[in-house]
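Labels run A, B, C and D following the written order; every chain starts at residue 1.
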Amino acid sequence: MSTPLLEVNGLKKYFPIRSGVFGRKTGEVKAVDDVSFSVMPGEILGIVGESGCGKSTTGKSILRLIEPTDGEVKFENRNILELSNEEMRKLRKDMQIIFQDPYASLNPRHTVEKIISEPLLVHGMKNSKERKERVRELLEVVGLSGYHATRYPHQFSGGQRQRIGIARALANNPKLIICDEPVSALDVSVQAQILNLMEELREQFNLTYIFIAHDLSVVKHISDRVGVMYLGRMVELTTKEKLYEDPKHPYTKALLSAVPEPDPDIKKERIILKGDVPNPQNPPTGCAFHTRCPLAMDICKEIRPEFAPVEDHHFVACHLYNDKQ
Amino acid sequence: MKLEETNNQFQEQNLPPHDDNVMDEEETEAVSPWRDGWKQLRKNRLAIIGFAIILFFILVAIFAPLFTSYSYDQQNLADRLHPPSKEYLLGADHLGRDIFTRIAYGARVSLQVGFFAVTGALVFGSLLGILAGYFGRWIDMLISRIFDIMLAFPSILLAIAIVAILGPSLENALLAIAVVNIPIFGRLVRSRVISLREEEFIMAAKAQGMKSGRVILHHILPNSVAPIIVQATLSFGTAILEAAALGFLGLGAQPPTPEWGQMLADSREFIQLAPWTMLAPGLSIMLVVLGFNLIGDGLRDALDPRMKN
Amino acid sequence: MFAYVMRRLLMLIPVLFGMTLITFSIVHLIPGNPAKVILGEGAPAQAIADLEERMGLNEPLYVQYGNYIMGLLQGDLGTSLKSKGEIAQEIWPHLAATMELTFFAMLFAVIIGVNAGIISAWKQNSWFDFLAMVFALIGVSMPVFWLALMEQWIFAQELGWLPAYGRQDSRDPIAEITGFYVLDSLIHLDFERTITILKHLVLPSIALGTIPMAIIARMTRSSMLEVMKSDYIRTVRAKGGGQFLVIYKHALKNATIPVLTVIGLQTGVLLGGAILTETIFSWPGIGRYVYEAISFRDYPVIQSGILVIAFMFVIINLIVDILYKKIDPRIKY
Amino acid sequence: MKLKSSWLLLLLVSFVLFLAACSGDGGQKTDKGATDDTESTEESSEGADESASGEKVLIFARGGDSESLDPGSTTDGESSRVTRQILEGLLEFDKESFELKPALAKDWEVSDDGLTYTFYLEEGVTFHDGTPFNAEAVKINFERWADPEHEYAFADDGFVYSMYGTMFGGYKGDEGHVIEEINVINDYEIEFKLSQPLGYFLQNLGMSYFAITSPAALEEYGPDISEHPVGTGPFKFVSWTKNDSIVLEKFEDYRVEGLPKLDKVIFQVIPDPSARLIALRSGEVDIMDDLNPDDAAVVEGEDGLTLLTRAENNFGYVGMNTEKPPLDKKEVRQAIRYAIDKQAIADALYAGYATTSKNPLPPVYLGYNDDVEDYEYNPEKAKELLAEAGYPDGFDIELVMSPTSRPYMPDPKTVAEIVQNNLAEIGINVTISSHEWAPYLELTQNGETELFILGWSGTNGDPDYFLSSLLHSSNKGSSNYTYYENPEVDDLLDRAKRAVDQDERADLYSQALEIINEDSPMVTLVHSTPVLAISDNVINYVPHPSTSESLAEVDFAN
């Protein structure tokens, strides 16, 4: 295998909590707590987890849309957290994002033309005719028509808007696109169309995706490898096949049991997780999942399990497996 | 009364997702949010009345010389305090000047004061508000505290103090009014910027690799324009009131400039002899302010229903 | 709650500090020489120089500012150049006069505004609603000083119903206790005098209270309209019978927030408007005290007067914010 | 929730009470309004002159508050108006003129060289605080004014006795200071020794600024004496609500038997002249000063009110800074005098209660020169003079003024506008700029103005107070606002000041006025006759030209 396109090591993002008379920092939310993984060129890495588990923050931290607290993000072997603002700005040509909410992520006062051509302009395409051409091309690539260019976002449906968002992300031929739950706001029927489009585009333009989603069914469809996050930590990471066939972490198992099977005859034991997601301000000691884990042991309450490979390309953070090694 | 007639033009976020191919007919016109606002505004009867009032005063201001055979400073001491008549439509003041003529020329003064004071406050207020809102941290701390302190003084008092420092004149009154209005715009823009900064399309703009300046100019500002316009319209009225108050206290325009507040102050002495001299200037101030308030209300309903309370 | 109040109080410190800085610089930027003002027409140069020295006007600015702050911390607002009296003592009766006027103006605004707003919303689109809202719109656009003049002309001069000036019948002045004349007359159990004093309050209170009244009416109406859409009200309405009182009670509760908001926002406007109203109605309040000090260049009075007014404004806003928080703990700052 | 509705309820209840109170009384008033207007005024004022307790209370309405009630340390007319009732000097002026009358000094003698004045004081007079009035008290007061180091001078508290400095040539130790020593001969005899003769020394002593304060009160109150005046006058000080009212009450032991007639006098501040008149018409006040001359006709036409005038004791003028070009050219100044229509100003703004003036001195004054040639309104001549001076096309100039109403000029702003209009006719383009009173005076004193509008009122009835103050070159930078300088005039004025023979003085002043008229440092506009209005049932009230008159003899009819 070649060198990874993106390498994330020990990424952390803590949000301070301030309160009291002086607004002192009285605690912090560890939204992303020591997450590491890498992405190969042309690969689609899925990241799943319940809402609030820090997967979106992870995605935005990688792009420095949120400044990480600590860690290392290497893109093509450059630690981008050390780049100056201007260097980072230039690098954004190669790293793009598609947002979850197609309604909120498009400037309501700009025409589609302007929305898509703006990234072209800021990365050096000064000729407006050229830009116009490119916008039409991109619109057609994502399945819209050239005449849509003069309209405003509010004149489009959700799926169409997400297509615009994709066109915008594609504008400068990026190498990596982080897709932050790109279909979760859409109708199910539209979801499939968008997912198909994204897969086509990957092949067409040789893209690499980090695909963030909160349900496994979507990720299953599109990913090569999948990472599972819980309370700011990565708990399992492996190839799609292994994850779906042989999930290791109890949390992954629980998630998988909730995925509806297309074939109603296949009987499946549904694992219902007890309790709520703990307060991220005050996460449980040891393994963060132990409060809800059906298989929790004493050690889980005290020691945080290491995120370690149990098999080839199969990383898990769970004492059940750490013991076996 | 259409004050409550909310329209959902700007609440696209709340619309249910459409089917993917709903609006694909080629004929569909490109509808900009501005045009929607204008459409909405045209339906608002009160706003139209407001426009009519302001338009009337603008026309009067422009064509003042055509309405009258007098000049605003032409004295005719023999006719002082002449009651309204054919000769003097609204009567004559204590120097025998035609009040109608002075009101007409006074419209120029008031509208100009309103315009320049609001423009000044808007430009500087927005600038500071953007700086504070976009960059946050100590810049925000500093600017916000300055706004707090300025707002701690009743605006007319602060304006009086500023005029006391600079000396009474129309220009200084205008400057004072602009200064006291800066924090109003500043705060508005700052809070707009802060809420916009969290919006995804701003993050998207950053993700595209845009520079801060471009993000502010092309994304944050255009989306803050609606509330700023509404505030500017309302402030227009307030500024005219404040200018008139300063004029009334003798701190505004200098004679023989026909400033309405000052005309009111002049006529105050003749409340026993010639009460009609007080009517026209007072009514004019009230009408112009009313006009701007009506337009402001209409704009708020049309452009930015969220600002309503 | 306690932490919130404490934090607000702490946040007040830089604001208060900034306020002293502003008042101090206003006074030092106003052209004119206090020593000359004191000495009046035709004073010899030597006398002026001597006086400047005695007043500490030769000291560097930061020393003067330091002295000013030290004085303030000890409750010393300085000495009036004009009357040579202690400002801290002189200012109280003026402040009381303004506070009484402002209170009654607000009372007028709240009572009329809230009720007009509720009835307008209840009878939405009726002639009452239309008239009330037209009046409210005109009220918001009203030049206070013009309204005051018109009132004086019509009610004092032409009709002779109400007194044209002052706080009381000057032939028979009240023995002051608190400086709030209504309160004082009640303490004296002199109800006839209370009525006289209230009569003096009517015209200026209306002049001053009109703008907040109009704003309160409009805000109450729109917040009421939202309440009327609620299920609770729909149920009451559906039941019929005695519904107006039920809704009225309900509406009053809902009026608290707009009323508080307006009190917070408009106090400054009122205190400013008081300068004009007080001049027209010869009301011996703090606005006139400061305004006259400006025309006589009585620097210490300008400085302390503006500071006291701003301080009042800040405190009222603080109280309003705390009340907000108490009424609706969801509100965050 | 309970809390909220209850406070609103409380507000509601209080407002209902408030409305009920007003409407109840309003109804009563309406009845009154329904009857004849004049009747109601009479009715209310009749009821008003005696308060609930049957006392005679007079309300005197005026435009501004007093600055200080320590008469020596202020030059403010509104202050002396009040102190005149509380404190007395050695001498006083006659009711309607500046003729001297005995007051605390029942008799006096002047030495032939004019350097020694001996006063014989009234015996058995006590101050309001019960301490006796005597020669020692007089000496303490004069020394307090003369010497900033004196224990009662309170110089550290900003007390300055500028009127003393002006009238007596400076302070202790100054070269021009005329009072060399004061000798107490016995309790009721005191002697002033002067270093040089002063033509108007006695005249000064009649001024209300030089009234005697109880030394015990100076000791007791210290610098607070400015708010606790204690004198020998007909009325005692009771209270002072700043910017509102000053209350005085009858001094039972007043030295003149049977006076004062009134039990209480209240000086009420009503800044706005029209509100003042409304108050008078409705019977809320008994006397109002500073009536707008335009309203004089209203007062005359109304039963129950009487119009009074003060004797002319002032003049209003447009000053020209004689050091600033082009005003440094005599022809330009004369041209401006010809261009301004004084008669129109007198007619329009003073409603006839003013006469045009040609001398900077009122006609009743010693030395008034009726022979000087007046500058009649003549724009043609003005243009010629301008052309002669080299300005055939006129020029631009600034006219500075303060809108504050003064006795000599009730509406300076309007005067400024008329002057602007007049000068435009001869090509002089005037820009008006207005300032508050205090900074305005400072500007003109510093000679930073070109044209300005001012006036001067007499206080001791002596021409020196007009001419030396305004036109002697030694007063440049203080009261010589025009920066006029003519050695000949200086000499004439100096000689007139020292001369003791009044005829000789009159002659010297007449000569000076002749030169001044030619040099034209100012456009003398008018001598105004300030008008005031009183309620008909106020009797024995006589306005004094100095604006301060004793109210001791004032009474109510019936």
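One rule holds for everything that comes next: contacts are C-beta pairs under 8 Å (C-beta built on N, C-alpha and C of every residue); 3 or more make two chains touch, one makes a residue touch a chain.
These numbers were taken from a predicted model, which means no experiment stands behind them.
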To get from subunit B to subunit C along touching chains, fewest steps?
-> 1
By CA centroids, point me to the most central chain in this structure.
-> C
Where the CA atoms of subunit C average out and where those of subunit D average out, how many Å apart are those spots?
-> 35
Report, in whole Å, the distance between the mean C-alpha point of subunit A and the mean C-alpha point of subunit B.
-> 47
How many angstrom between the C-alpha centroids of subunit D and subunit A?
-> 86
Chain centres from averaged Cα atoms put subunit A and subunit C apart, in whole Å, by 56
Any chance you could list the residues of subunit C touching two or more other chains?
-> 31, 152, 157, 279, 294
The positions of subunit D in contact with two or more other chains are 272, 274, 278, 436
So subunit A residues touching two or more other chains come to none
Counting only contacts in the complex, subunit C reaches subunit B at residues 14-15, 18-19, 22, 26, 29-31, 124-125, 129-130, 133, 137-138, 140-146, 149-150, 152-153, 157, 218-219, 221-223, 225, 268-269, 271-273, 275-276, 279, 287, 290-291, 294, 302, 306, 309-310, 313-314
So in the complex, which bits of subunit A are touching subunit B?
-> 60, 63, 65, 89-93, 96-97, 99-101, 103-111, 118-119, 122-123, 145, 147, 150-160, 165, 168, 185-187, 189-190, 193
The subunit B residues in contact with subunit C across the complex are 1, 3-4, 46, 145-146, 148-157, 160-161, 164-165, 167, 237, 241, 244-245, 248-249, 261, 264, 268, 271-272, 275, 278, 281-282, 285-287, 289-290, 293-294, 297, 308-309
What part of subunit B is in contact with subunit A in the complex they form?
-> 10, 12-13, 15, 17-24, 26, 28, 30-33, 199-201, 203-211, 214, 218-219, 222-223
Seen from subunit D, its contact residues with subunit C in the complex are 1, 4-5, 8-9, 11-12, 14-15, 18, 21-22, 24-26, 29-30, 32-33, 40, 48, 51-52, 57, 59, 65, 67-68, 73-75, 148, 155-160, 162, 165-166, 170, 223-224, 226-227, 239, 241-245, 247, 266, 268-272, 274-276, 278-279, 281-282, 284-285, 404, 436-439, 441-442, 445, 469, 475, 477-479
